[in-house]
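Each of the two complexes below includes chain A, the first together with chain B, the second together with chain C.
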Partner chain A sequence: MHHKSFFAIIIVSVTIAIFAPMFLGRGDVRLLTEIFLVLTLAQLWNLLAGYGGLVSVGQHAFVGAGAYAFFVLCAQFGVHVAPALLFAGFVSGCLAIGIYALVSRLVGPYFSIGTWVVAEIVFLAVLQTNYVGGASGFSLPLSSIREFGAAATTREYVIYATAGIMCFGVLSGNFLFLRSRFGLALTAIRDDVAAAHSVGINSDRIKFILFTSVAVLTGLVGSIIFVQNLRVSPSAAFSMQEWTATIILIVVIGGIGRFEGPLVGAMFYFALRELLAPFGSVYIIVTGIVAILIIIVFPDGLSGNIAAISRRWLRAVRPL
Partner chain B sequence: MRDTQVAGTALSLRNVCKRFGKTIIANDLSMDCAHGELVGVIGPNGAGKSTLFNLISGDIAVDSGEIEANGQIVTALKPFERNRLGVARSYQVPKPFGRMSVAENLEVSAIFGAGLRRSDARSWVDEVLSLSGLQAQRDLLAGSLPLLVRKRLELARAVATKPAILLLDEIAGGLTDAEVDDLVSIIRAIASQGVTILWVEHVLRALTKVADRVLVLHGGTWIADGAPEAVMIDPEVQRIYFGAVE
Partner chain C sequence: MIISLTNAVVQGALLGCFYALCAAPLAIAFGIMRIVNIATGDMLVLAAFSVLFLSSTANIHPTLALVGVVVLMAALGYLLQRGILNYTLDPDMMRPLLVTLALSSILQNSLLIVASGDSRKVSIGGFETMGLEIVNGLTIGLFPLATAIAASLLIWATSHLIHRTELGIFFRAASDDPDIARAFGINERDVFSKAFAVVGVLTAIAGAFLAVKTQFNPFSGNDRLIYAFQVVVLGGLGSLRGVFLGGLILGVAQGLGAYFHPSLQIVMGHMVFVAVLIFRPTGFFGAKRN
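Up next is the complex of A and B:
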């Protein structure tokens, strides 16, 4: 995609997003907020696994770390929510440096299992810590909540806007990053690591930077998610199903290692979920089955196969 | 091709040893290549010619001994560090960046290997494309190329890193006579820019055309070293390499 057309689409989407809450109910705004946050997580995971080859299944460690860091700063130290949000990203990044030191020596599936095990350890450690309320967690104090806005509607709009800024920021940053020199190197690493080394690319350094910066942003998203919930607990904040499995599902359905993959996957996932909402938790079963079917029928993900099919279709309509 | 050239030899191996179990690849192997020299390396199948390249490029570590490239001891350095110091290689089985275009394959190499800025890298990529005859394929995905073009891309990608020392691993295999002539003229053009070239090749006709010197590897040691014509008629080489009966 060309620079101009991409940023034209971004500008139009941002404009729509700014005015959308005027025409939507509070429930819809909350849903959009959630879509923004989940789409951000999906983009980050796609960059990490699809491009960097770092198939982490422990990203919930960073969602939880960000959320807890934010809540602790606000509740225990009375820090204002804006610096607390940034500091949550910083804490998550520091955790990533420690985790990466442990798991970076592991290759392929061992790396994945390593990230999972470490994430569970972080979860269990938080679960045992009475300072943060143990298994039951704790709530964001009213004073911090008010810092987002006195009225509930203002608050929701501020959280919605923060999530939107994150989402469009990461989307644009991702687009520019993949076209930068580091993006080129990352794409080369994705295609062939040994060959990348042979042309002067230091894959260890690039992977470390990628892992850490993805963790910083994942932590930021984590704190915004739980601002919306107003309460944090270990099982919710470190939920592997919500913050890792669902995200992987979205990226794989949409097309892993493709820029449009997470976008297509997230649209598909939320459409399916809303469609099946009246049937309760059946949606998890149906989504799982649909995901398996898509992986079998469209191994390159929806975006990859749609691209191929539309190219073929265009050729058939207008033979050149 | 590098702007800075160091005095002395371009590439030196000093008492390099490498073995895999009982298979001896390098047994106290030493050699020197002068700057701008074009050296052919031949030897029977399984003699360890590709492994020798892996030792020089850093893909495999030596058991003992020392490797000096472009004035620096590189024995303990990683492949990407050696490349930045001027050692570039092609792989016998091509390893293109499959989902990147041909031009992007070269661009990333020019940026990270040669240390060029992006704007400078673009014009250098154009030069390498025309030198290697890949202009027509510049926007194609590397993964979609047929084998012979992939081999050409291997050469071009190594050249894009502005090497002082270029290791070519069997890039002439499967070419027609006319294509071999074409390739030979490309390699002459690269050599004329002062690049030291080590070329492993089974297509001896191609090698003897351009090599200043030919080395023969067998059993972990050099069994011959000299001008191509002299090496080809060496009785030991005839016996081991061509299986001649005395």
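Up next is the complex of A and C:
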């Protein structure tokens, strides 16, 4: 995709997103906020795993760390929500440096479960810390909530806007990043480590930077998610199912290592979830089954498959 | 003081045997098929639920129900490999990992729908609370002892199967070099399906011990996988001898942690794991393989 057409699409989408809440109910705005946040997480994981080859299954550590850092700063230190948000990303990044030092020694799939085990250790540490409310967690104080807006509707719009900025920001950043020197180096490493080394790419350094920056942004998303919930607890903030497994399934369904993969996957996931809403957790089971089928039948995901079919179509309609 | 410390070590070692038993399916799936089965814990929980349902609906003793569950899990393992995992045999091992991650979500939420989120336990008529008093202050529970014996026997038997039988030679041949194995008439897909049936048998037995030992619910599989993974890393990836040692290290670490303070039990286990990760990332029996 060319720069021009990509940013044209982004500008149109952002314009629609700015005015959408005027025509939507509060429930729909909340749903859109959630879609933005989940899509951001999916993009970040795709960058990490699909392009960087760092298949982490412990990203919930950073969602939880960001959320807790934000809540602690607001509730215990009375910091304003805006600097608190930024600091939450910083804390998450610091955690990532420590975690990376540990798990980078593990190779391949053992790196993956290593990230999970370390995430569970972080979860356990938070669970046993009475300062942050132990197993029951704690709520965001009213004064901090008001900093997002006095009225509930203003507040929801501000949170919606923050989530939207995150989502479109990461989408554009992702697009530019993959075309930068760093991004090209990253795809070179993914495709052939030895060849990348031979042209002077330092893969260890790039992977470290990628892991840490993705963690910073994941922590930011984590704090916004729990601003919307107004309450944080260890089991919700460090949920492997919600913040890692679901995100991975979304990317796998959409197409891992493809720019548009997370977008297609998230659309599929939310459509399925809303469709199967009356049947409890059935949508998770269906998502899992679809993901397995995709891995076996279309390893490039739905987006890869759509691209292949549309290419075939275009070739068919082209005059001979 | 000496007695209570000995007690902590002995109880920890017994617990470690249970961890080793639960980790064996993970170690074998990795050792032979190079599959990191993220659904290991959920399959253990599935086996535990199956023992519970079979014994309560057919009104039979859980040990008898275990026979049925062994057959069921072996069949399930075989079909899982044959129908799904055989299509994801990659050198980079990422596709099977993602498949088992999806399987984990499917199993957890299916169990939630079928069995609700309540915590369950299987009772075997008082045996699980009986103990053997060695000296005052040191009592060995009969059930943990039985678990330790079962773990030793099973891990020995599996090791024998892999290293001393014809089927085991096929397993190792298909694992080490599928191309050469094929030249000798060994179909790695067939062999891997059989190996996953073995994994199913081990999962069923470990799951039955889990069902009696602790409370379990549809989401208990996560913790089980984490302990199993720690055991496998502590012992060295894919080594069965290592699994036993890794289990003992984790169990004794937890036992000593609990000796100092009850809340330190799990923390101490994690700390030992992190320390090993820092100082000896290949584990204690880790053989370097490509």
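The rule we apply is simple: the second predicted complex is superposed on the first by the 318 of 320 C-alpha atoms of A that agree within 3 Å, B and C clash if a C-alpha of one lies under 4 Å from a C-alpha of the other, contacts with A are read in each partner's own complex, and residues count from 1 in each chain.
Rule of thumb we're sticking to: contacts are C-beta pairs under 8 Å (C-beta built on N, C-alpha and C of every residue); 3 or more make two chains touch, one makes a residue touch a chain.
None of the values given here were measured: they were computed from a predicted structure.
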Contacts of A:292 with chain B and chain C, given as first, second, both or neither: second
Which superposed partner A:105 touches (first chain B, second chain C, both, neither): second
First (chain B), second (chain C), both or neither touched by A:181: first
Contacts of A:195 with chain B and chain C, given as first, second, both or neither: first
Touched partner set for A:124, first chain B, second chain C, both or neither: second
Contacts of A:20 with chain B and chain C, given as first, second, both or neither: neither
Which superposed partner A:35 touches (first chain B, second chain C, both, neither): neither
In the superposition, chain B vs chain C on chain A residues touched: C
Residues of chain A that lie at the interface with chain B and also at the interface with chain C: none
Chain A-touching residues of chain B, taken from the complex the two chains share: 57, 59, 78-80, 83-84, 88-89, 91, 95-100, 104-105, 107-109, 111-115, 118, 143, 157-158, 160-161
Complex contacts: residues of chain C adjacent to chain A: 30, 36, 38, 84, 87-88, 92-95, 97-99, 101-106, 108-110, 112-113, 222, 225-226, 229-230, 233, 237, 263, 266-267, 270, 273-274, 277-278, 281
Residues of chain A defined as touching chain C within the complex: 55, 57, 102-103, 105-106, 108-110, 112-114, 116-118, 120-121, 124, 128, 240-241, 245-246, 248-249, 252, 256, 280-282, 284-285, 287-289, 291-292, 295-296, 299
Touching residues (chain side chain A, partner chain B) in the complex: 181, 184-185, 187-188, 190-192, 194-203, 257
